[in-house]
Every structure is written in C-alpha cells, then in structure tokens.
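Below are two complexes that have subunit A in common, paired first with subunit B and then with subunit C.
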Partner chain A sequence: MYKWIDERYNISGLLEFAKKKSVPAYRETIWYYFGGIALLLFIIQVLSGILLLMYYQGTEDSAYESVKYISTKVSFGWLIRSVHSWSANLMILAAFIHMFSVFFLKSFRKPRELTWYTGFGLLLVAMGFGFSGYLLPWNELAFFATKVGTDIAGQLPVIGEPLLKLLRGGEDVTGATLSRFYGFHVAVFPGIFTVLLALHLIFIQRQGMAEPEDWKDLPESERKYIPFFPNFTLRELLFWLIVINILAILAVFFPWELGSKADPFAPAPVGIKPEWYFMFMFQTLKYIPGKVLFLHGEFVGIAIFGIAGLLWFLVPFWDKRTPAGKRNKLITYVGIFVVTFIIVLTIIGYMVD
Partner chain B sequence: MFKYLEPPEVEEAKVSNVKIGEIEDMEKDSGKIIKFGNKPVIVVRKADGEYVAFAGVCTHLDCIVQYRNDLEQIYCACHNGRYDLNGRNVSGPPPAPLEKYGIAIKNNEVIVFVEKT
Partner chain C sequence: MSKKMKKYIWKISTIIICFSISSLVFAQTKTTDECLACHVELDDELLTPAQNYINDIHYKKNITCAGCHGGNPNSDDTEISMSEESGFIGIPDKATRYEVCVNCHANDETMNNYNSSLPTDQFDKLKISIHFQPSFDNTGPITDCITCHSVHNISKVDDPRSKVYPTKIVSLCGGCHTSADIIKNYNPALPIDQVAKYKTSVHGKLNISGDPNVAECASCHGSHDIFASNDPRSHVYATNIPEVCAKCHSNAELMKGYNLPTDQYDSYNKSVHGLALLEKGDISAPSCNDCHGNHGAVPPGVESISKVCGSCHVLNMELFEKSPHQKAFTENDFPECETCHGNHSIRYVTDDMIGTQESAVCIECHSSDDDNNGYFVAGKMKMLIDSLKNEDKATKEILEEATQKGMDISDSEYSLKDVRQILIQSRTTIHTFNLEKFKEKINEGFTIVGKARQAGTDAVDDYYFRRVGLGIATIIVTILVIGLYIKIRRLEKKT
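Presenting the complex of A and B:
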C-alpha cells in the first residue's frame, strides 16, 4: 500500500525533505513553537467558525437571537462558540508572542524580509477577524465597540468619511454594518489570510529556520540542531496538545458571555472596554487631548500608531547593522520599549476606567 | 466598484417633534433616551423638575450618553466624557457640546422639538 502511494506521489521524497529540515537547538528554541501554535489556533478557528455558520444568522433582528440559540438550544453549541471566542484570543496572543520573538531574535533580517512582511500582514488580518467577529453576536458591548472603532477610522482626514461609510454601510452602526462585518469575517478575511499564510509558510519552507545571530562565528561542530521530523514535529505536537488543553479548560469553565442585545437607543454601559489587544491603543487615545495644535486628538493618535506600525513593519528595511553581521542594540531596545509600552498601557486600561 | 460599495443615501424621516408623555411620567432627577426619528435624544428631568433635552450621541466617538444623578451631569461611559445640564462638555475627551433640543409643555404633555438656530 505504502509502495502504491509512494510510486505515484513520491512520499519518500517528502519524508526525505522533512528529515533534512532542522531547527537550531539553543536557549531560545522554545520561541520557535509559537508560530505553529498560532497556526493550530487558526485551524481551530476555521473549523469552529464553519460550525457556527450552520446556525448563525447575520441580521440585526436575528443575530443576537441566533447566537443565543446556539449557546442555549443547540447541543454543544455553547462549547463551539466558547471555543471560537477563546481560540480567537489565544490565536492573537500567540501571534503577538511569535512576532516579538522573531523581532528579538532578528529573524526578519535578510533574506527573510518577505516572511516578516507577510507575518505582519497576518497579524493585522487576525485583528481584523477579531474586530469584525466581535460585532457578530450583536450585543451591547460589541455595538459600542464597533461605533467607537469605526468612528476613530472616520477621524482620518479626507478618506475618513468615505471609509467610515464603507465600514458601516451607512452613517451609523446598523444592520447594514452587521452584514458588511459578517462578509468581511467569513469571506474577505479568510481569503486574504489564507493567501498570506500560504506565502508565509512557503517562504519558511524554502529558507529553513533562521539561525541565531552569533552562530556565524561558531564552528560547524558546535552548532546544534533538532531534526524537524520527527523530533521537532513531535515536540510541536506536544505543545499543540497543551494549547488544546488550555483552550478546553478556558472554553468549558469560562464559557464566553453573550451580554444583552444591542439597542441603538440605550446608553453605553458603564465600564465598556475594547478587546484586550486593542486596549493599549484605546488607552493611549485617552491621554491625548481633544485638540493637539489645530489637529483632532484622535487623528494625532492614529497618526502616531500608524507611523509606529509602519516603522515596525519596515524594520528589515532600516535595520542595516544586523544584516551586516553587527549587533544592533537599538532593535532590542525598541522591542523592549514596545513590549513594555503595550503591557503597561493594557494593565492601566484594566485598572482605571 | 467604489460606487457600488458606497451605500445609497437613506431618506431621513423628517421628524420635528416628539411627544414623550406627561410631565409627571418622568421622575425628578432622572434621564432617558428617546427615539427622535432615527436619532437618539437624551431627555433629563432635573432635580427641580425642569426638563431639558440634547442630542444623545457623544461628540467624542459616537457612544450614547446617559444621565447620572450622582453627578447631576450627562455622562458617557465610553471614555468618561461629561457634560453639564446645559450640554456643555465639561470633562473628558468630548471636543464639543451636545446639540440642544427644545422642550415645550402643552396641556401637561412634554414635547421635544428641534430648535431653529
């Protein structure tokens, strides 16, 4: 049987390839697992998302009811929904950790610029997934989060107004917004994400894993590797099992809440907060005064984050030292600053209201 | 394609006034959101019994405001914006005051109307 398949599809060649692949073994190897974890969680998202689609209805009158139906009537519906919600958060967390680890290990350096760019794109689309999915249950929190989120986009000069209408499908957040977000969430983003992911993975396969910076001075004999298959694969699978367990515990013991249905004629509930991965931006915006010189405070905030994000995205471009084989401390400091900034503002965001 | 994505203008129902009930229907020192056509409007009955009304949408980022009797202010929960009972933005991020609506009382009935400016 093996022979039969092998003759036709050259499985041995594949195995041969997998055996040759290897992962550098050193102190930081643990970080190499996070990309794989994000991948696992994405697969879980696709599967659980498709299951949710079987019952979900994306209209203003029935969205909330259908999600309620899923979580109360459908067998294991609450579990599927809880898994989808938790896994969304874990996926974004894993992607953040993954991004910072390749940043600190400077794996973005030549020749892996494109891997970094596609990876960054994946994170953005993942956040888009989170933002659009959040509205789908059409509950109060989501309704106001979407109002605020899209209104911030609307503060941009020139393109703000059309962009706002494009996102909302009208002046206000209504059923039209829900339809659009639904479309983004289940069609547009999955498409973009899949293409980026394919590129990201192909690049990695072609180039192999990045080696630590200081290895280039080491003699061949002192560089240690783990074979990708089976050793690294098995370890990765172990991590996957751990993550699946964490996910199961969270999903079962902390079922995702639904809250109350969105009412466009009810005040915003006290203590409203965005999802944690938007919190640091949200919190920063609070510290920027309404007007900076003659500019809108929100606009200044978006501009700062936009420029910072762009610099971050373009790091392989402006970091000239690392590819030249020199240590670039600056990169490490920038990374530490960004991580600290995000963590501190997120914590503040949850502590004060 | 851009034209397609741009939603057509909706005819806004022209509402110029809304009856919200009798004077004693609302307790003193309380507020509520009413539908004014397709817009939310906040009506507050002050502690002294006087009625005021403003646009219910925060001028900051579009949230819907509420009356807080512990502050005797109009409050926006999204980013802690506050307005006084003249609609002026007094603290927090809101950049502008809330638009004022008129209140008329006829035969014991409270009517909210658009003020001509």
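Presenting the complex of A and C:
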C-alpha cells in the first residue's frame, strides 16, 4: 500500500525533506509547540463547525431554537457545540501565547516579518471569528454584548456610522445582523483565514524555525537541533493529545450554556461582559472619561488601542536593533507591559461589575 | 252656594288661619315678616310659597323670606322692602340658587347659631358629585339643593313630610331616573328600570309598605356625594359595596326586626371572594350585589343558586346541571353549589373537599354502605388527583436533579406546566360526578408526567453516560500519550 502510493506520489521524498528539517532544541523550545496547538484547535473548529452547520439555522426566529435542538436532541450535539465553543477559546489563548512567545523570542525579526504579519492577521481574524460566532446562538448575553461591541465601533469618527451599519445591517442589532455575522463566520473569515494560514505555514516551511538570538555567536557544534520528523512531530502530537484531553474534560464538565433567547425589547441584563479576549479593551474603555479634551472618551480609547495594535503589528519595522544583532531590552519591556496590562485589566474586568 | 262664593269663603278662611298661625308664631318669636304678612293676602303663585313656607323648617327657625330672597322683611312698604337698596333679589337665578342654601348650610357659625346638628359639608360633597355637573341645556348644575329638597316646604329628613324621607326618596330619584328623555341627555347607556326593579325587591316591597328603615336609593348611593358606580369614590363601587350593605345587615339591632342573621359581612370578608375583592382589589370578584342583585335584591332561591354562581363559574354550572347530583339536589331541596361550598364564607377550594376522608364534603351524603357508587367514585377521584400531584412532584425532582447536573430538560419542564392546567380542568370535571369523564381528563396529566419523567431519567442517565464516555476516552488518550512519550524517549535515546 505504502509502496503503491509512494510510487505515484513520492512520499519518501516528502519524508526525506521532513527528516532534513530541524528545530532548535533549547530551553525555550516548549513555546514552539503553541503554533501547532493553535493549528490543531483550528482544525477542530473547522470539523466541529461543519457538523454544527448541518443543524444550525441562522435566522432571528430559529437560531436560538436550532442551537437548543443541537444541544438537546441531536446525538452528541451537546458535545460538538461545547467542543466548538471551548476550542474557539483555547485557540485564541494558544494564538496569544504563540504570539507573545514569538515577540519575546524576537522571532519576528528579519527575515520573518511576513510570518509575523500573517500571524497577526490570523489573530485578528480569529478574534473576528469569536465576535461573530458569539452572536450566532442569538441568546440574551450575546445579543447585548454584540450591541455594546458594535456601539463602540460606531464611535469612530467619519467611518463609525457606516461601519456600524455595515456590521449590523441597519441601525440596530436585528435578524439582519445575525445573517451578516453568520456569513462572516462561515464564509468570509474562513476564506481569509485559510489564505493567511497557508501563507503563514508556507513562510515557516520555507524559512524553518527561528533560532535564538544568542545562537549567532555560538559555533555550529554547540547548536542543538532535533529533527522535525519524527521527533518534533511526535512531541507536537503528544501536546495535541493532551490538549484534546483537556478539551474533552472541559466540554463534558463545563458544557457551554445557552441562556435565554434574545429579546430586543427586554432591558439589557446586568453585567454584560464580552468574551474574555476583549475584556481588557472593554475594561480600559470604562476608565476613560466621557470627554478627553474635545474628543469622545470612547474614540480616544479606540484610537489608543488602534495605534498600539498598529505599533505591535509593525514591530519588525521599528525594532532596528535586534536584526542588527544587538539586544533590545525595550522590546522585552514593552512585551512585559502589554502582557501585564492585558492580564490585570482582564482580571479586574471579571472582578468588578 | 255659588262657585264664586265658595272661593271667597275659602280665601277668607285661609287668610284667617294663616293669620292666626302667623300671629301665634309671631307672638312666640317676636318677629314680624312683612313679606309673609303681605303674600298670604295675594293670589295663586304669589300666595302658594307663603302658604307652604309656614310649614317649612326654616320658618320654624325664624328665617324670614329675606333669608333667601333678600329685601327688608320689616317694612310693609314694597318700595322699601323689595327695593334693590334693601338687597332684594326676587327669585334667585336657577344656575346659582344653590348659593342661598350654601351661605348658611356650609357655614359652621351660622348653623351653630340655629343650634343645628346638621353637617356643613353637604355642598363640599355635592359639588364634586356627578349630579353637580352642568346640565345638558347649560342652565346650571344637573341637580342642586332645591331639586331634591324642594323649596318653601322643606322638612327635616326624618320628617315624613320631607321630600327626601326614606319612603319618598325612591319616587324623588325616579323622577329623573325613570325618564329616558332626561337620562339619555347624560348617559344613554344608563338603564331607567332601577325603580321598577327596586319595587320587586325585598327592600322595595317593604319601603312601599311604609318601612323607612329598609334600603332605598340614598342608603346605598349616598345623598350628596353620588358618583357613577364605576368611580372608585362611589359608595356602590365594587370594593365599597360589602361595607355599604353591612351598614344595615351587620346591625343586629336593625336586623332583629327582620329576623335576619348579621354575620354575612364577617363571613364574606374571610371568603375567597371577599379576599379577592377587598384584599387584592380584584373588582371582577363577586360582591353582595353580584349574587343577590342590586336594585332587584332578593336572596337567591334554592334552584337559582347554580345560575347565580354559574354566571362566573360557567363550566362548573353546565357540568353540574348534567350530573346526577342535579336531580338529587332538587328532589331533596338542597341548594346546589351552596350544599358543598357554603355561601358567604366560601373558602379556597382544596382537594381535601373531595374523597372519603373526614374533611371531604362527599361523606355528608355518601357512605360506604350506600347502594350507589358515589362513595367509591369520590374516593377514586381523590386518589387520582393525589396520585397526579405526587407524580408531578416526583418528576419535578428528577428534572431538578437533571438540571443540577447541567442537562438541558427545559422542554420537559415546560410541558409540566400543562399538568397544573389539567389539574384545574380535572377539578372542574369533578362536577360531572362521572368517573369515566374525570379519568379522561386527568389521564392527559399522567401522560405528560410520564413523558417528562422519562425525559428526566434519560437526561440523568445521559449525564452518567457522558462521564463514563469521557472516562474511557481520557484513559485511551492518556495511554496514547504515555505510549507516545515512551516512543519519543526511545527515539531520542537512539539518536
């Protein structure tokens, strides 16, 4: 069988290529697995998402009911839905860890700028997946969280109003918003994500794994590597299995709640909170006063996050010292500040009502 | 004797009588009312008021004509006594004539001067009442003091000559309220048969026979502060009615004469109807008049009780009328609903009323020695109701357990809500006193409960299945992890 396939598709050649590939082995190698973990979770998302698609109905009248039907009547529907929700969150978490590890290890430096950009793009699209997917069950919390989230987007000057209408499909969050988000979630975002992911993986395959900065000064003999196949692949597989186990335990012990159906005429429930990965931004906006000089507080907040995100995205541009082989502690300090800021604000967001 | 002669003698004797009476009164009060002295000598419409006034309560209180008409009652010269300077106003304007009454009757000091015990708030009450609204032809209020109390021959309310004496008040109110021509100008929907109905009532019959103590119009509607019956300020607004009736019917002294009990109000207050009306303010709950009628008030007869109760409890009445009890009750002169449920003191109906236990009303007629199967049916119905309630409770506990385990059984929880409705319907079906019909209804409840119970049990089973499944999957994955780990260790040892 192997021979039959190998004759036709030259599998041996591919394995030879994989065996020749190597991964730096040192104390920070652990972080190299998170990209793969995010990839695994994305694959789980695609598979569980396709299964959900078979029963989900993306209309105002039947979205909630169809998700309820999936959770209660469809065989293992509860598991698929719970896995999809948990996997989405774990994927974002893995992507965040992956991004920060790349940032701290300065792996974004030349020649991997494009890998960084595509990775950042993937994170944004993943968050878009999360934001759009959150509304799809059409439950009360999701409805109002979407309302608040899109309201914030509407605060932007000039493009705010048209952006709000584009996102909502009208003035308010309605069935039109649901259809739109559904379209984004199952067609637009997967398309963009696939392209970015393909580029991201091609770049990695072409350039190999980044080596630590201080290896530049080490002689070849002192640099340790492990073969990509089978060693690194099997290790990655080991992590995947652990993640699958964690995912199964979370899905069974903490099934994702559905809550009550969205009622556009009901008052907003107390304690509306966005998904955890938006929490630090949501909480920060609360601390910005209504007016900053002559500008709207929310606009100032969005502007700050926009500029910060852009600077983060463009780090390969402004970090000129690292590629030149010099240490750049500023990058580390910025990274520590950002991680601390996100963690602290997220914790406060969950502790303060 | 010629007609002219007769008239002449009549006039002379009237003058002599009037003169003698006035002289007597004047002698007693030492007051000279020249208006009266002069008017008794006049003809027809100028004479009549003077003739009447001599019997008027105000005349007896030394109030001269000038008290209302102005002028100088001490002068016999009309140029002086009826001059504008003396304040003479003649016949007061219809729109404002009530003011001459109000001037004294709303003034505590003035009334005290006459040693009057009358209240002085009549006008305050009247001016907000429905009767004081402008008349349709805009000639003043619909009614004022004179409309009811008349003029020149006013007597105390408890004086049988008074227009508002209890036995006269019905025809007084009826003067307008039986006239479609008048009433249609104000409220075309208002019936005009109240007096006709009243005459058929126990109250009406006694009133016609001259009993001033029975309820007449003012007893219930009030006198000066009358409002539309749907106005919460009205004495006959739904929530005020029990108290209005109780004014007389809880008065032991008064009721002694009629041989009537006086505990109805206390019983009603504690009844399911009384609590709904008086505590919850539910004006759809029946008050005294809903069962006894209002204007045509009579105690419902034995046969009409189910009709009275059935005006609200329609289904119960229909089922009862087709039941074997209807015939048996009629034959034995048992009041229909009342036999089991009581009358004024109707309490919340509980399931303990049916069955064969001590609290059941069924055993008052049925016993285990009966030839008929009434005793058996009562026991069976009670058993089925209790059984459904217990099943429902047990199922809710199973569903609660499933919910606590994180399983979604909201559909079953929702379907169980129907059981409550079916229990209510089953309790209504009891009034057929037919076991088969009762079973037909209550079995719907057992079916729902059975399905919900199964769904709850399945959910709990599914919960354990999930955990067992997870356990197996975790073990397999863990074995794979360990195997893989060993494989990696071996592989890396080789290299």
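By definition in this document, the second predicted complex is superposed on the first by the 352 of 353 C-alpha atoms of A that agree within 3 Å, B and C clash if a C-alpha of one lies under 4 Å from a C-alpha of the other, contacts with A are read in each partner's own complex, and residues count from 1 in each chain.
One rule holds in what follows: a contact is a pair of C-beta atoms (placed from the backbone, for glycine too) under 8 Å apart; a residue touches a chain by one contact, two chains touch by 3 or more.
Keep in mind it's a predicted model, so treat the numbers as computed, not measured.
J.: Just to be sure I read the superposition right, which of the two partners does A:Ile244 touch: subunit B = first, subunit C = second, or both, or neither?
T.: second
J.: Applying the touch criterion given at the start, work out whether A:Pro230 contacts subunit B, subunit C, both or neither, answering first, second, both or neither.
T.: Only subunit C is touched by A:Pro230; subunit B is not.
J.: First (subunit B), second (subunit C), both or neither: which does A:Pro157 touch?
T.: A:Pro157: touches no partner chain.
J.: Just checking: does A:Gly191 make contact with subunit B only, subunit C only, both, or neither of them? Give me first, second, both or neither.
T.: Once the two structures are laid over each other on A, A:Gly191 reaches no partner at all.
J.: In the three-chain superposition, say which chain, subunit B or subunit C, touches more residues of subunit A.
T.: The larger set of subunit A residues in touch belongs to B.
J.: Go through the superposed model and pick first if A:Gly306 touches only subunit B, second if only subunit C, both, or neither.
T.: Touch partners of A:Gly306: none, neither subunit B nor subunit C.
J.: Would you sort A:Gly13 into first (subunit B), second (subunit C), both or neither based on which partner it touches?
T.: After superposition on chain A, A:Gly13 lies in contact with neither partner.
J.: Hey, which residues of subunit A end up touching subunit B in the complex?
T.: Interface residues on subunit A, with respect to subunit B: 144, 147-148, 151-152, 162, 165-166, 169-170, 172-173, 176, 264-272, 285-286, 290-291, 296-298, 353.
J.: Note which residues of subunit A are touching subunit C in the complex, please.
T.: Touching subunit C from subunit A are residues 68, 71-72, 78-79, 226-227, 230-231, 234-235, 237-238, 241-242, 244-245, 248-249, 252-253, 255, 258.
J.: Sort out for me which residues of subunit B touch subunit A in the complex.
T.: Residue list for subunit B touching subunit A: 5-7, 10, 33-35, 38, 40, 42, 56, 58, 60-66, 76-80, 93-95.
J.: Mind pulling up the subunit C residues that touch subunit A in the complex?
T.: These residues of subunit C touch subunit A: 406, 408-411, 466-467, 469-470, 473-474, 477-478, 480-481, 484-485, 487-488, 491-492, 495.
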